[in-house]
Amino acid sequence: MREFLTKFRDPEIARALIKDVRHLATRVADRLGRRVVLMEVCGTHTVAISRAGLRSLLGDLLDLRSGPGCPVCVTDYADVDRMVALARLPGVTVGTFGDMVRVPGSDSSLERERAAGADIRIFYSPADAVAWAAAHPERELVFLGVGFETTAPAVALSIKEAGARGLKNFSVYVNHKLVPPALMALLEDPEIKVDGFILPGHVSAIIGRRAYSFLEAFRLPAAITGFETNDILEGIRQILKMMWGKEPRVVNGYTRVVREEGNKIAQREMAAVFRVGDASWRGFGVIPGSGLTLAAPFAAFDAAARFTLPPVVPRVPAGCACGEILKGKLTPKECRLFAVACNPTSPVGPCMVSSEGACAAYYQFERHYGERANHA
Amino acid sequence: MRKNDVVLLAHGDGGALTHELITGLFLRYFPGRTLQSLTDAAALELSGGRVAVSTDSFVVSPLFFPGGDIGKLSVCGTVNDLAVVGAKPLYLTASFLIEEGLPLAELERVVASMAAACAEAGVEIVAGDTKVVGRGNLDRLFINTTGVGLIPDGVELGYARLAPGDQILVNGPIGEHGMTILALREGFGFAGQVASDCAPLNGIIGELLAAVPGVKLMRDLTRGGLATAAKEIALAAGCDIILKEDAIPVRPEVKGAAELLGLDPLYLANEGKFMAVVPAADGEKALGVLRRHPLGQEAALIGEVCSGRGNVYLKTAFGGTKFLDMLAGTPLPRIC
Amino acid sequence: MCLGIPGKIVAVSPEEHMAEIETFGIRQRISTLLVGEVAVGEYVMVHTGYAIEKVDVAEALERIRLWEELLAHEGVFDEVPRSGDRPGTD
Amino acid sequence: MRKNDVVLLAHGDGGALTHELITGLFLRYFPGRTLQSLTDAAALELSGGRVAVSTDSFVVSPLFFPGGDIGKLSVCGTVNDLAVVGAKPLYLTASFLIEEGLPLAELERVVASMAAACAEAGVEIVAGDTKVVGRGNLDRLFINTTGVGLIPDGVELGYARLAPGDQILVNGPIGEHGMTILALREGFGFAGQVASDCAPLNGIIGELLAAVPGVKLMRDLTRGGLATAAKEIALAAGCDIILKEDAIPVRPEVKGAAELLGLDPLYLANEGKFMAVVPAADGEKALGVLRRHPLGQEAALIGEVCSGRGNVYLKTAFGGTKFLDMLAGTPLPRIC
Amino acid sequence: MREFLTKFRDPEIARALIKDVRHLATRVADRLGRRVVLMEVCGTHTVAISRAGLRSLLGDLLDLRSGPGCPVCVTDYADVDRMVALARLPGVTVGTFGDMVRVPGSDSSLERERAAGADIRIFYSPADAVAWAAAHPERELVFLGVGFETTAPAVALSIKEAGARGLKNFSVYVNHKLVPPALMALLEDPEIKVDGFILPGHVSAIIGRRAYSFLEAFRLPAAITGFETNDILEGIRQILKMMWGKEPRVVNGYTRVVREEGNKIAQREMAAVFRVGDASWRGFGVIPGSGLTLAAPFAAFDAAARFTLPPVVPRVPAGCACGEILKGKLTPKECRLFAVACNPTSPVGPCMVSSEGACAAYYQFERHYGERANHA
Amino acid sequence: MCLGIPGKIVAVSPEEHMAEIETFGIRQRISTLLVGEVAVGEYVMVHTGYAIEKVDVAEALERIRLWEELLAHEGVFDEVPRSGDRPGTD
């Protein structure tokens, strides 16, 4: 494994790629008369870019903006509030990926509910949640189905598994979202100025390159990109090349994992368990056809139907620019609360709390970017 | 009725069963004369330096893990806190907080492990305490140790001594303890493939101080990991610190597990690792001393001190620079 | 949003649709339900305990080959531009 | 989302929230310079005697009770253990074990109470530790304190000094702390009518030692009560002790509550009471010294040392004699 | 209150009573040619005698023996085992008086079951147990109805109260026992040599002096006695007087509390809720008509019927003389395990564990009785 | 077997069949269901939170009177026998 994988994070290759990217970016930026604005749609890309310190190497030429691709960041206040309400129900154990635990709702979070006595369990895999429910028949396990196309097939399989095992105490609060409709919504917003897209590698592994063909109509260059540093540099390089050549397309820069048609088995499992519906995205509002709901044969596993929840009245914190940041209109430092009233120990918006949230990534890795020059 | 094989509430009531536990278990493993006298407070022999004191409570779950257990940990943790301020650790107090129902055999395993760690570190347990609380009011066993040591005259460590150019060393690969515990707690399949680094550091630190008297500061890299410790130093010293990512040793299995869980080894806890700041000229010498000790064979020079205002930077393997802050929130396995 | 980790199949339990992968020295059991049959020695990309796709080693090697070529041709652009006068970084 | 008003797991992860808790709460109430330096171990000023060390963990439930709270208790308990070995208590370490969800306001009340007790006892908190565990793994809050004091040259207390004829004193009525906690815990209607005696004894003990240098031994009468302490002394000293029932002060409300519950005040815990053994000739003088102190106004001469083999006898009010043993089993309210 | 009650524990009066008792006892003992053997039937008397140190003042003339009047001591191994089995049931909370907690069964005790995870709650009053059950509808509260006639009326009222409140999660494991049949069983044992009985004051408050009239046929002197030191001395004095005068009767030495007919209300409540049945006593075996069971209208509150328990196979510890001690045939020091293998921290029999058990009282207060002489 | 504590009624709630007693300086709420009506100033004997019988003060005072008489006549038996040669104590 390591024999070839390490090449994707090899610093020698990275150095050559950076050199090439800088060369290309300089020429493109010169032509534009400004920095090139690229959006990494995926939150995992946001973190990877920060971790590798790529902004310090490219930031003078490239304006790398985070998009709506952090699933916990785009979870609506109303949905977080409902998750909190589920956690407060007696007899209910909420199962979740670690990422959701600190996401703030209107006035609480799962972390706080746990401190207040709720039973919140973190699972690495939805299969583990099913196994837990089977072992604890006296508890109702509600799994929080959060994530994009990458995650939804695994949750779909876990629901089928619970059905096959006849579990009566397992249900899912389905909050899965789909990436292409969100991209569409972004492109339709006239205020958004993005020169190209770094497309999510693992979402694409499921949906395939073909799913992005609608992008070509907008004549914007885009590259499906893996998550190793050299993958990201390669993706940026391909976008810049297309820009320089004025040949915008959707290229697959992650051919070792992403196929043209995607993963058919995963698509089939998703289609069997879920139906496409509208979904509300934080910062965007309702995007038609951008979410999943349970298909009729699996309706019994719908936590939203199984439990009666008090009505939620979401309160969006004043001044939080998360919505604009998720659309790439602003960068975190342009939020006036950033690092003032809002920081990871007392986050105002979700973008500050998820480790792949744009604000958290900027706070954690790049807050003092200006001050660094003397040591860099 | 069968003999007592678990701890009962009555073991903590200060009466006959408490007495039985103390004399039948604790005094058997901790044979020091001071403890045996069973007074309300221990009288210590101390001379030849300033007295150093440190306290820590240990709440690790599970109690036993690859590389150690709560008993070893409770000795090493406090010994290391004393060692990193330049003190020679001498005496420990041990306070046991026990949940009713703990098997006495497990308690004995822990106590035996503490005794072995004390012997390794050359410290003596001189005072103790035992409390038992009702089922559900405590998770099996917590231990507090408080350590007393002597800082020899001449040893002067402190934030104020840091200066640009000082070299920063670590005695070995990071993140092992934190990853071991997380993996066990979350029940990951790879739990058995990582082991805690739990070890008493007073030996290796003693050799470092003897060979490199110029050592300016040391920190053990416990909760919050290397990044948090570096940040605390930078803030307290009012300087910047630059760490070099590819110089920081991380074992492949820790790196792999961290990737799997979306975690950063820089923020994972260690229990047998410390960082030391030495003058620029002493860097290589210090590295040599550390590497000759069994607990420092993979020691490395990992960064340096710069003038600044309390920031920590990491030079990535790709030549980029990123900002390191304190840990914010317990590391949780991530999927996104 | 979608943390993935590549792993080499080191053991398979086809009847359970499970496999054991090795990655950076650690081993982990995963589900292969989303990728169909796998064989020891193959590589998969794993997310939340499920292999979500097989890794195409030939494609990977081809990418590496192209990069190594780039490395060999370094110096083609011998004057790497440096910015300095552009508006501040983000 | 509202501001943090409860302790979260993240407050104990060693990162930013831990830092916030330390600087925003602990350092605010414990302003001593040593603690403020936030090093791994505190360096202490100590000279002029032998160093005494004692440790205790406090797990009292409820946290707040008439007469005190866990904070005051945790300071007094350790101060008293030092005081009864003849030491002047100087420094404390404080380790907080907190259950996720504890209101920060309650933690602050406890910390404020500790600060007040430290001021009263004249001790300084020099090192600390904070751990947070998940809901249900600890009952709200436990505190460990470890104390360091100096035994002035010339003070020589010890079991070996006991001799037949020595007089035994207690500084006031017994059983109040134990009855207060039991009544609260079991929800008895009279819970508000008894109050803990929790108090630092170093002041009154200092005066006793100054006026009566012949004091031979002291014990604080915590878990197990007066009877258990007397038995331990008799066993350790290899003598017998005779206590006079009608000389032992017990407040009527404690006596009444004890009768109601079928308990014996001799076995109930105290947190501001100690017994002292003095030579026969010093008995009355010691009594006078104790009675002049606010914490000794109801002090009494309660018995004497006899030659023997470790037995304790109680002369009852009716002229009978009974044998006293250690407590066996936590006192539970009885109906038979 | 205190104005007159303190007289019952006044040391001056006690001194005069002791003087008189010693005078009487000397004469009676001289006539018998041995110590006078009196049995205090009630465990609370055993404790009170020990606490006051009366044996040290009278032991040379009087042999004061404990009888079958410690309710936890006479609880059969099989019953303790069933209580343990109840505590092990999932969802069950066992409510008990503190006295039962440490009583050893065949291989466990409630204390150990609590340590092993069982939910055992100590109540001072059965009314508190009812209140707790009402507040915790998710748990089954099983209250252990242990005690003699003194305690049974309070438990009867609590069962009625639970019925009136419609509680479905409250039940009682009824193990109440009756004193007169046990006395009868003692008297019928030809091996038992007792010169007189100190009768239980608070049992008598319920059943009245009249309930002991059967004793007169045996021509044994007996006195109903209160629990203050002077009450006990007075009771002994009355018995000795009857012995000296050869006029054995059952006298009421506790007239301030005990009436000829007893407490009619309490008798009525007991009769409404319980029926008399046979009961098994530790050391005695089954004594006909010596126990209580629930009357038909309250059968729903019978824990023994509500829960299915595994069969218990009681194992009586070898060498334990509890049975003989409870009959007054032996004193604790005559048990060969006393203070050797058996002590309060690791009790072999129940008589060592209850604080009013004869062995515990002897261990606690009188173990070294012989050694005391030089200080007494 | 039957710990009882005497208490003086200091307050009554007849409709609830409860009363408050004072005993050795502490107060406690108890049930009066087993003794019927009680009045402030009366005394009861309490067991497990229930008054099990009223205390007859006249009887108590009579007993005290008899004892005080005994005290006054002390010395009637001027030679209190002491044992010494009898078989050992229990």
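First chain written, first letter: the chains are A, B, C, D, E and F, and each begins at residue 1.
Here is the rule we go by: a residue touches a chain if its C-beta (ideal position, glycine included) is under 8 Å from a C-beta of that chain, and two chains touch if they have at least 3 such contacts.
None of the values given here were measured: they were computed from a predicted structure.
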item: Smallest count of steps, each to a touching chain, taking chain A to chain F; value: 2
item: Chain at maximum distance from chain A, centres defined as averaged CA atoms; value: F
item: Pair of chains with maximal C-beta contact number; value: B-D
item: Chain B-chain F separation of Cα centroids, rounded to whole Å; value: 62
item: Chain D and chain F: spacing of chain centres that average the CA atoms, whole Å; value: 36
item: Averaged-CA centre spacing for the pair chain F and chain E, given as whole angstrom; value: 19
item: Per-residue multi-chain contacts in chain E, two or more chains; value: 43-44, 55, 70-71, 97, 102, 124, 128, 147, 151, 343-345, 356, 369
item: Multi-partner residues of chain D (at least 2 other chains); value: 9-10, 16-17, 134, 188, 262, 325, 328-329, 334-336
item: Overlap residues in chain C, where contacts from two or more other chains coincide; value: 1-3, 23-24, 47-48
item: Interchain contacts, given as pairs of chains that touch; value: A-B, A-C, A-D, B-C, B-D, B-E, D-E, D-F, E-F
item: Chain E partner contacts - residues on chain B that touch it in the complex; value: 1-4, 6-10, 16-17, 20, 100-101, 134-135
item: Residues on chain D engaged by chain F in the complex (per definition of touch); value: 188-190, 193-194, 251-253, 255-257, 259-260, 262, 334-336
item: Complex interface listing, chain F residues touching chain D; value: 1-3, 5, 23-29, 46-48
item: Touch list for chain A against partner chain C, complex; value: 1-2, 4-5, 7-8, 12-13, 16-17, 19-20, 22-23, 26, 29, 34-35, 42-44, 55, 59-61, 63-65, 69-71, 97, 124-128, 147-148, 150-151, 153-154, 157, 200-203, 205-206, 227, 230, 234, 255-259, 263, 265-266, 269, 331, 333, 356, 369-370
item: Residue numbers on chain F that touch chain E, as the complex places them; value: 1-4, 6-8, 22-24, 31, 33-36, 43, 45, 47-50, 52-53, 55-57, 59-64, 67-68, 70-71, 74, 77, 80-84, 86-90
